[in-house]
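Same chain, two partners: chain A is paired with chain B first, then with chain C.
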Partner chain A sequence: MLEVSHVEMRFGQKKVLRGVTLTLRQGVYGLLGPNGSGKTTLMRCIAGVYHPAAGTIRTPERIGYLPQRFGMFKQLTVYETMAYFAALKQIPARAQRNEIMECLEQVHLADRAKDRMGALSGGMVRRVGIAQALLGHPELILADEPTAGLDPEERLRFKNVISNLRGGPTVVLSTHIVEDVESNCDHIVLLYGGTVLTEGTADDLRARAAGKVYSVPADKRCLLQQPYHLLREEAETGTLRVLSNLPQPGNLAAPTVEDGYMLYIRGRT
Partner chain B sequence: MICSLQLIRLTFRRTLPLFLAPIVSAYLVLPLIAAAGLASGSWETALENLTYGEQAILPVGGLLWAFAYLQVWVDSDGEETMRACRRGKHVCAAELLMLNIGFAVMLLPALVAGTLFFRPLWTEYARLIPQGFFFTGLFYLAAILLRSVTMGGMLVLVYHLFCVFFCRNVEMRGYCLIRPDALANEAAFPYIPILLSGAAMYLLGAWRESRPVRQ
Partner chain C sequence: MIGSIRVSNRVFYRGLSLVLPYGLVLAVTLMSLIRLTQGVLSPVDYLTDSLKLGEFGVLYFALAGYELTSMLRKLGGQECLSAIPGAQCGLLFSHILTLLPLLAAWSAVIFGGQAICYFRQGLDYPPYLLHCLLAVILYCLLPGLDGLLLGACLEQVGRPAAYGTIMLAILLSSSVCDELFAGGSLFGVSPMAVFDWFYLTVPNGNWTADASYGVPMELCRWCLAVFWCLVLTAVLLWQYRRDGGRAVSIAAAVLLAAALLCAARFALRGEDDLLLKDSRPGGILSSEYQYRADHPTGDLGAADFSVEEYDLKLTAKGALKVSATVKLSRDDLREYRFTLYHGYEVLSVTDERGEALSFTRDGDFLDISAPDGAKTFTVHYNGKGWKYIANAQAITLPGYFPYYPMPGHLALWADGSAQSVTGLPPARFRVEAATPQTVFSNLPKTGRNQFEGVAETATLYAGLIDETERGGVSYICSPVGREQVESIDLERTERLWQEWCETTGETRTLDLVGKKVFIQPDTISNCGKGDSESVVVFDDHILLANMNSTPETICAYYLLKSLPSDAERGLLRDVFRQDLVVGIGNWSGEKPDYDALQILREYPSMNALNEIGDEEQWFAAVEQYTSASEQFHTLYAWQCSQLGRDTVLREVYQYLKDSTPCQDQVTFLYDLGGAC
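Coming up: the complex of A and B.
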């Protein structure tokens, strides 16, 4: 279990985290928020890289952490890189080999163990990053923007890795990509401006937007009542997807997690 | 301990040139410098050349090992992941100390060879150990404070060059820890102050490194 209580963090005069309080139990959690909302800072605080200016963080003993940038050790092989992290996590030498290969199996890289890191694609390096986070049987796994720069196939692989972790450790994925959270996470924590806006499931977010999302024919744009928020223009159907508390021309549309997310974010801007 | 040795081994596996440079200096460059002295003059000239070369090259050469190790922890992309593995509590002082000891052990065969060939060189050797300790401590502290091994390394290098160039200057000589022009038995060498200041810098560096980033 992870308990974050009234955590504050500032960079110079800028307050990045403003009293964040969270309790995360077993499951896959998505930390969702726009760029600059404090996701990475919160992840670093939880991982122990930063020390918060105020508040407390209680984490399990063993954690795995995948930061946004994991691009190291080009000269080492995949196995050696994993061995480096195994040594850092003080895994006994006799247990290292089995554990390293087990983690590489989980990310489907066991057959690349002897390849140099510099010879791997960006997606594979990312998977090595995930594998090192799995070393030492962590009770909490933190992954910051884990799918950044991954192609659709790699994203699918990542989704499978996360699915396999269900029922095991607490997993926290930080991202600004709503689809990732929708497809990977059981719970969503919405962070904005350094504070937690809401916590809940994907269904909770959808429910929040129910009755507020409209599909408006593009030629009726001039009939839209202010205030509204244009989510996107759908060129194929010739419609606009609009978020509004007021009735709008066109039909009510089935809300998505993204609609719920936008509703919260727009409510703050 | 075993984990630290494994970290050092893997660090050198990825920075092999930095690992080899001090060994090449001690076992190839210095004998060549001594041989050049022998070819052009006497045993005394050769010994003088050797002492000069040893003082000018080895203290900084030994720093390359510390540089290679600390670079991963201070400047690399993976620093964040590594610090998270130890929950932000890791300090590199123990590994740097192990590198100091390793450097001293690495020089032992060269000392024996030099002693057999010229004369007992224990005093030169005894001078190198506190120098290496001092420079590593200075480098460690500077790199941690400046959050850059390059800046830390530059600081030590500038001081080292200052010593090499100004050791003959009467006014400046007092500020030079390295005196390539003086044979060890001709100069009173402040072993204890150097060791103590080196230890103080090690401790300060470790203390600063153990403090998590607090903005």
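Coming up: the complex of A and C.
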């Protein structure tokens, strides 16, 4: 279990986290928020990279951490890189080989174990990063923007990796990509301006937007009542997806997680 | 940690970017050593030159330290490690441990060069080999380690800033600042006082090691090198205090405290007798000249008493510290006049009852007041003796130098060079030197570093020196370069002296056989030495300046010692010396024209040309002077051919000895024999 209590963090005069309080139990959590909302800072605080100015963080002993930017010595092979992390995580020598190969299997890199890190693509390096985070059966896995730089196939693989972790450790994925959260996470924590706006399931977010999302024909744009927020123009259907508390011309649409997310963010701005 | 070391080794050895430059550094080092080996260098010159390679080490290991330790940050892997307690700190020190064997190997190559030179020269003096090892540690290994730690400290900094800092450090730690600023002064303070804090590599390019003193390795130099190691390690630990935990913070604090102690010791180096062979105001190359320019010698005079006994208790650690008890021949004087080198500060003077006596210091003079008379004084003093060093590394206290109170007001400086004090009446000396070194003296030995006997003076030497016997004569000199002892033939020297006495009319005797011979260290020979110091003969021992000590040189310098060293007759004195030492020969051609020598009358020495302000005129005058000097040599040779060498030698010697010559040197030589 991860307990974050009234955590504050500042860089110079700028307050980046303002009393963040969270209690995360078993499951996959998505830390969602726009750029600059404090996601990475919070992840780093939890991982122990940063020491918060105030508040407490209680984490399990074994943590797997994938930072936003991951790289390792190009001169090492994939296996050696994993062995290094295994040694750092004090995995017993006799168990190392199996565990390393297991983790590499999960990210489909077992056949590249002997390749040098310098010979891998950016996506593969990212997968090594995921693999190292899985090493040592961590009770808490922190992944900051885990799918950044991955192609669609690799994203799918990552989704499978996360699925396999269900029922095991607490997993926190930090991202600004709503789809990733929607497809991977059981719970969503919405962070904005260094504070937690809300936390709940994807359905909770969708429910928040229920009755407020409209599909308006593009030719009725001039009939839209202020205030409203244009989510997107759907060229294929010739409609506008609009978020509003007021009745709008057109039909009510089924809300998505993104609609709920936008409703919270817009509500703050 | 083992995992980290393994990773670090793989990273280093699998990448050419660090291995190739190391190979290059090693190759340059080896080539330089081979080149030095091929040259005709004495072991001590070889040592000095090879230690200059230390600057390479600082450069390479600083850059390698930076590149290796910052590599992970540049690749973006640092954050991942920072989430694992101790991982970053472990990897950083693994990088350092990876580079350390390479640093040790490179230093070992340099030491290997010394060892090969040592064995090739057939030396059998293990303390010198140990000295070489320590010198390599101080001037190659430790600066390299400092460079490595500096590079690691800059790990978080971008490449331009890191490289800039490293280059600045190289500049400061090398001899460049020394060569640029040593002679300068800013608001009365030498910039070297600041630059010294960064000066880690071997002393400057103009500098030569001394076979007796070796490479300067005084305590404060060790403190400086260790200070930087400790400070940089403490900075490194401090940077990773969060990663390493409380133990790391405590370790950083302890190292910092130790560094401060080293810094304090280094800051107090002004109290030490250091061999500083650069042009700084306080260094041995210029300090004495400046002092003598500012402090003209006072009234000289012999003492109206003599000393019956000296009891000298010396301590030579940072500097010389002496307690000299002097028993006098008479106790009815109110004031006793002594000479004690001005570099020694007299702390107190007490009489036999232990009561303080008043005294005054005026330059080298020490006048002690004893209103009720006193038979015995004890003078407590300490300080530095210019080029006559006395510290934990070496003791070079020749008996002609007043490192203890000598009776009378004596001249220690004349005509721009040091003078030797001789001719003092014999006294009983009891000397006790507290130093871990083995001290050699002209006095009979009574215990470890204890001597007692009746002599004119007490000479004390220690350092990289040893006593060797050849032909029944004891030679005290450095075993490194002992071959010069081979060229000394005392019996032949005595015979030659007899011949020269007959030729020139000199009446002094030169008794050498049966005396101990001390070969002076290069530092004394090369710095402010006048003819007076070249050959100093006492009843029981001789001091020979480190030169090619052939019978001719010994006799020539002994002969010249009695001559006034005024600049007006300097040119003729030089020609005379040259004739004595190597011979000038005859000139059967025409006698040089008197007018061609005119400039020598106008400017009796090359230094006198400095009076000419205009640069163009000065260059013209120098050219003219050089040509005239050659003509002057020719004139001497012509006179030899006309009058015979013996006649010229005799006449010139008498002329040079004359305290009030009525002719200038050019006219004298030209008119010699009445052949105008």
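Following the convention adopted for this analysis, the second predicted complex is superposed on the first by the 269 of 269 C-alpha atoms of A that agree within 3 Å, B and C clash if a C-alpha of one lies under 4 Å from a C-alpha of the other, contacts with A are read in each partner's own complex, and residues count from 1 in each chain.
Here is the rule we use: contacts are C-beta pairs under 8 Å (C-beta built on N, C-alpha and C of every residue); 3 or more make two chains touch, one makes a residue touch a chain.
On a predicted model such as this, the values are computed, not experimentally measured, just so you know.
Undergrad: Identify whether chain B and chain C fit side by side or clash on chain A in the overlaid structures.
TA: clash
Undergrad: If we overlay the two complexes on their shared chain A, which of chain B and chain C does A:G129 touch? Say first, second, both or neither.
TA: Both partners, chain B and chain C.
Undergrad: By the touch definition at the top of the document, which applies to A:L156: first (chain B), second (chain C), both, or neither?
TA: Neither chain B nor chain C is touched by A:L156.
Undergrad: State whether A:A83 touches chain B only (first), chain C only (second), both chains, or neither.
TA: In the superposed model, A:A83 contacts both chain B and chain C.
Undergrad: Touch check for A:G12: first (chain B), second (chain C), both, or neither?
TA: first
Undergrad: Which partner, chain B or chain C, touches the larger number of chain A residues?
TA: The partner making contact with more of chain A's residues is B.
Undergrad: Report for A:H51: first if it touches chain B alone, second if chain C alone, otherwise both or neither.
TA: both
Undergrad: In the superposed arrangement, what residues of chain A touch both chain B and chain C?
TA: After superposing on chain A, chain A residues 44, 47-49, 51, 63, 65-67, 69-76, 80, 83-85, 87-89, 129, 132, 142 contact both chain B and chain C.
Undergrad: Any idea which chain B residues touch chain A in the complex?
TA: Within the complex, chain B contacts chain A at residues 2-4, 6-7, 10, 13-15, 72, 76-78, 80-90, 211-215.
Undergrad: For chain C, which residues are in contact with chain A within the complex?
TA: Result: residues 2-4, 6-7, 10-11, 14-15, 71-72, 75-77, 79-85, 87, 90, 242 of chain C touch chain A.
Undergrad: Which positions of chain A touch chain B when the two form their complex?
TA: Against chain B, the touching part of chain A is residues 9-12, 44, 47-51, 53, 63, 65-67, 69-76, 80, 83-85, 87-90, 93, 129, 132, 142.
Undergrad: In the complex, go through chain A and note every residue touching chain C.
TA: Residue list for chain A touching chain C: 44, 47-49, 51, 63, 65-76, 80, 83-85, 87-89, 129, 132, 142.
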